[in-house]
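Structures for review follow.
You will see two complexes here that share chain A, one where it goes with chain B and one where it goes with chain C.
Now for the complex of A and B:
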């Protein structure tokens, strides 16, 4: 089961996530930064809930600092040119 | 130009709200990412007992016609990626739209259900099978297995069969961090009974009737026949788990293992079953990132399907002027979504000063939501009423 892919966009397997937890990852954010799970083209639309589930399932509960990550704008992938253009206005 | 109301999401909730607000005199724009308006309505097709067919695509077309005829503006194939105070809605083409009120009606998404082999070509989500079959009229496969037992998968199994697809069976997923109670036959038996009291199809109705008897329910998990019960023509295997989806370059079989009387999997007795398509049903969750990132207070309520923005009895979030309606507030059927849309639009119209008698209009809109919830033909979350009560209590204490 450990070679099952969890983050499809970045090809991160269950085994990789588990080994980071065993090596001390205590937040979903650190899992994300170490493996890129959730940082692919779908921006976690598919794997976000799964990574949170892996965290709560495999980590020792007293060790988990946070089992979720927040959301930030933009909530969907957009072209950099659009972001740049937008920065000139004042939204 | 500044709008009175920008609605994000052209599903049943969003379009109903736009129509209501426009009728009351508001200037309304709907933004939706899909080429065609209608949201999840577009894939829905089933027979409702004593009421005939529910054809979501037709209902969507009618709503859109009505909306356009009274002057609601639609912007299709446009994602909204941010909302900023004031209010400003930012679209993917970097256009910024000014508006007095925003209604976020972004609906729900499907939860993934990882199983070894789930990334092979030929494995799709149950919702994709619904849209392919009912909307595009394309069969997802010739011999299809469904993994995950819930009202949505049971109902879509029937829809696939109607379209001439052979459904070899509905199975449980293996026990793993992702399947949780979906892998537990006892939990499923208990909840199927609750979910199916007014089910739209024979499959659910039979399952529901069978399990209303508490004695049957208790025994059922232990004595449920190992080779399944045929409901309609589709075997429902509450005592089989799919351990793996196999195939060299694409799906050509699933490996099925029996479940013993204690709920454990008997791996030694697993057998391959030939299929060319597998549909995974992991359940639905509210799509609430937009509300989360603009600073609405978010709460996680299991009974409603996940994390939602906390909302008032009038559907307003903790950000004044930002409203929500439909599945973003919890997973329910299309008619509840429409009633919630009406309620939010009534509240917004009242703030805009467009209503002569706002309090009675609001009262009526609130009771419509309750009525639709009671009469719902598909209940996705068995404890939805408790979930709604939690929201009310939490709102009072914020």
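Now for the complex of A and C:
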């Protein structure tokens, strides 16, 4: 079961997440920084809930610290050519 | 009462590097308010540039740090994705040629292996570049590293040397008696110690205040765009001469200054994402950014490297470079507060300079003679108003 993929975009398994939690990770952000879970093209839309569940299930409840893994711009992937057209044009 | 030989405040690339080195001879506690590498060191680029540094001391310091990188993966026993991919500074504008020619001459004199290429030669190395560019400087010595892995690797290696790491713990006061550090107060209790290292990056000013020390380090905001994973198309790191001009010329000399202090920095991570930067602004610790900055970065990058136009951006990052005013960090003991050391203010070079910073802090506290020539220009008093 440890081979189960939790983050498909970045190929992160349940086993990897558990081993980081056992090593002291207390936040979803810390898991993200160490395994890249949530950093893929979907930006965690698919895996965030799963990662949070893994955290609450495997971590000692009193150790979990809730941290916001804020979603950063853009909301959806956008081509550079399109992004370049945003705003007022060449200032 | 808990007691340590040394307490390092801040778990970015700088604090983790220092904790690792100090642990050679000391029992060390590393205190980090959030997670390891979660602040500036987790919202930055990956370049270890030599050729972009000012000739003179900045190059000497950068070279000393680059030297340590040569064997760092072996030393830390893990991959940090260190890669000698070379670096290029693209010259977009005829007006910059003269300035860049003299810049290259000075760099060569300083012993940096850098050459000036014409447009065609530059594009043979980086096929993504636009035809109109007038040339580029190129150096094989420039390298890159994964900054996320770097902080983690230093932290893990420090742990193996017996360092205790306390994350989600904030230092809230520094206890000083008769001009000497005797301990720190944290959100998880009091720690007795005679040595405190302030490695707070852009937050170092607030930490210094706890010791009654006035230290001005300003957050210089930078924004980077991150793309989806793609096959290798950018080889090594690319800057534009606008970036060098912004870094080394006065406003008077650099008339065509772009908005938001934008200068290209473009590279591709080992996992395939493009990192496209970046801006330089003073906006306090304001994380919210407007669309116009993102669009301006995209415009600048797609003009110089049109081949990236169809690639999709998946997110952006906002980081705060710790700015001292002269582009160099402070690595020094504080006069009048025995046992209080500052190691902060690496601005846009903290990744490149992390390895040497750990070593210099050890030299400093051990009063070693050999690194004096590197420590002297980093003294605190150079920046204090007299």
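The rule is simple: the second predicted complex is superposed on the first by the 77 of 91 C-alpha atoms of A that agree within 3 Å, B and C clash if a C-alpha of one lies under 4 Å from a C-alpha of the other, contacts with A are read in each partner's own complex, and residues count from 1 in each chain.
Simple rule for what comes next: contacts are C-beta pairs under 8 Å (C-beta built on N, C-alpha and C of every residue); 3 or more make two chains touch, one makes a residue touch a chain.
Nothing here was measured: the structure is a model prediction, and the numbers come from that model.
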Look at A:54 in the shared chain and tell me whether it touches chain B only, chain C only, both, or neither; answer first, second, both or neither.
first
Applying the document's definition of touch, where does A:73 land relative to chain B and chain C: first, second, both, or neither?
both
After superposition on the shared chain, which partner residues are touched by A:19: those of chain B (first), chain C (second), both, or neither?
neither
Kindly classify A:4 by the partners it touches after superposition: chain B alone (first), chain C alone (second), both, or neither?
first
Touched partner set for A:27, first chain B, second chain C, both or neither:
second
Can you give me the overlap between the chain B contact set and the chain C contact set on chain A?
71-74, 78, 83, 85-86, 91
Could you pull out which chain B residues touch chain A in their complex?
79, 81-82, 84, 86, 88, 90, 92-94, 96, 109, 111-112, 114-116, 118-119, 176-178, 180, 285, 289-290, 292-293, 306
In their shared complex, chain C is touched by residues of chain A numbered 10, 24, 26-27, 29-30, 33-34, 36, 40-41, 43, 65, 67, 71-74, 77-81, 83-88, 90-91
Mind pulling up the chain A residues that touch chain B in the complex?
1, 3-6, 8, 14, 45-47, 49-50, 53-54, 56-58, 70-76, 78, 82-83, 85-86, 89, 91
Contact residues on chain C for chain A in the complex?
34-38, 42, 148, 152, 165, 167-168, 225, 227-229, 259, 271, 276, 289, 291-292, 294-296, 298-299, 301-302, 308-318
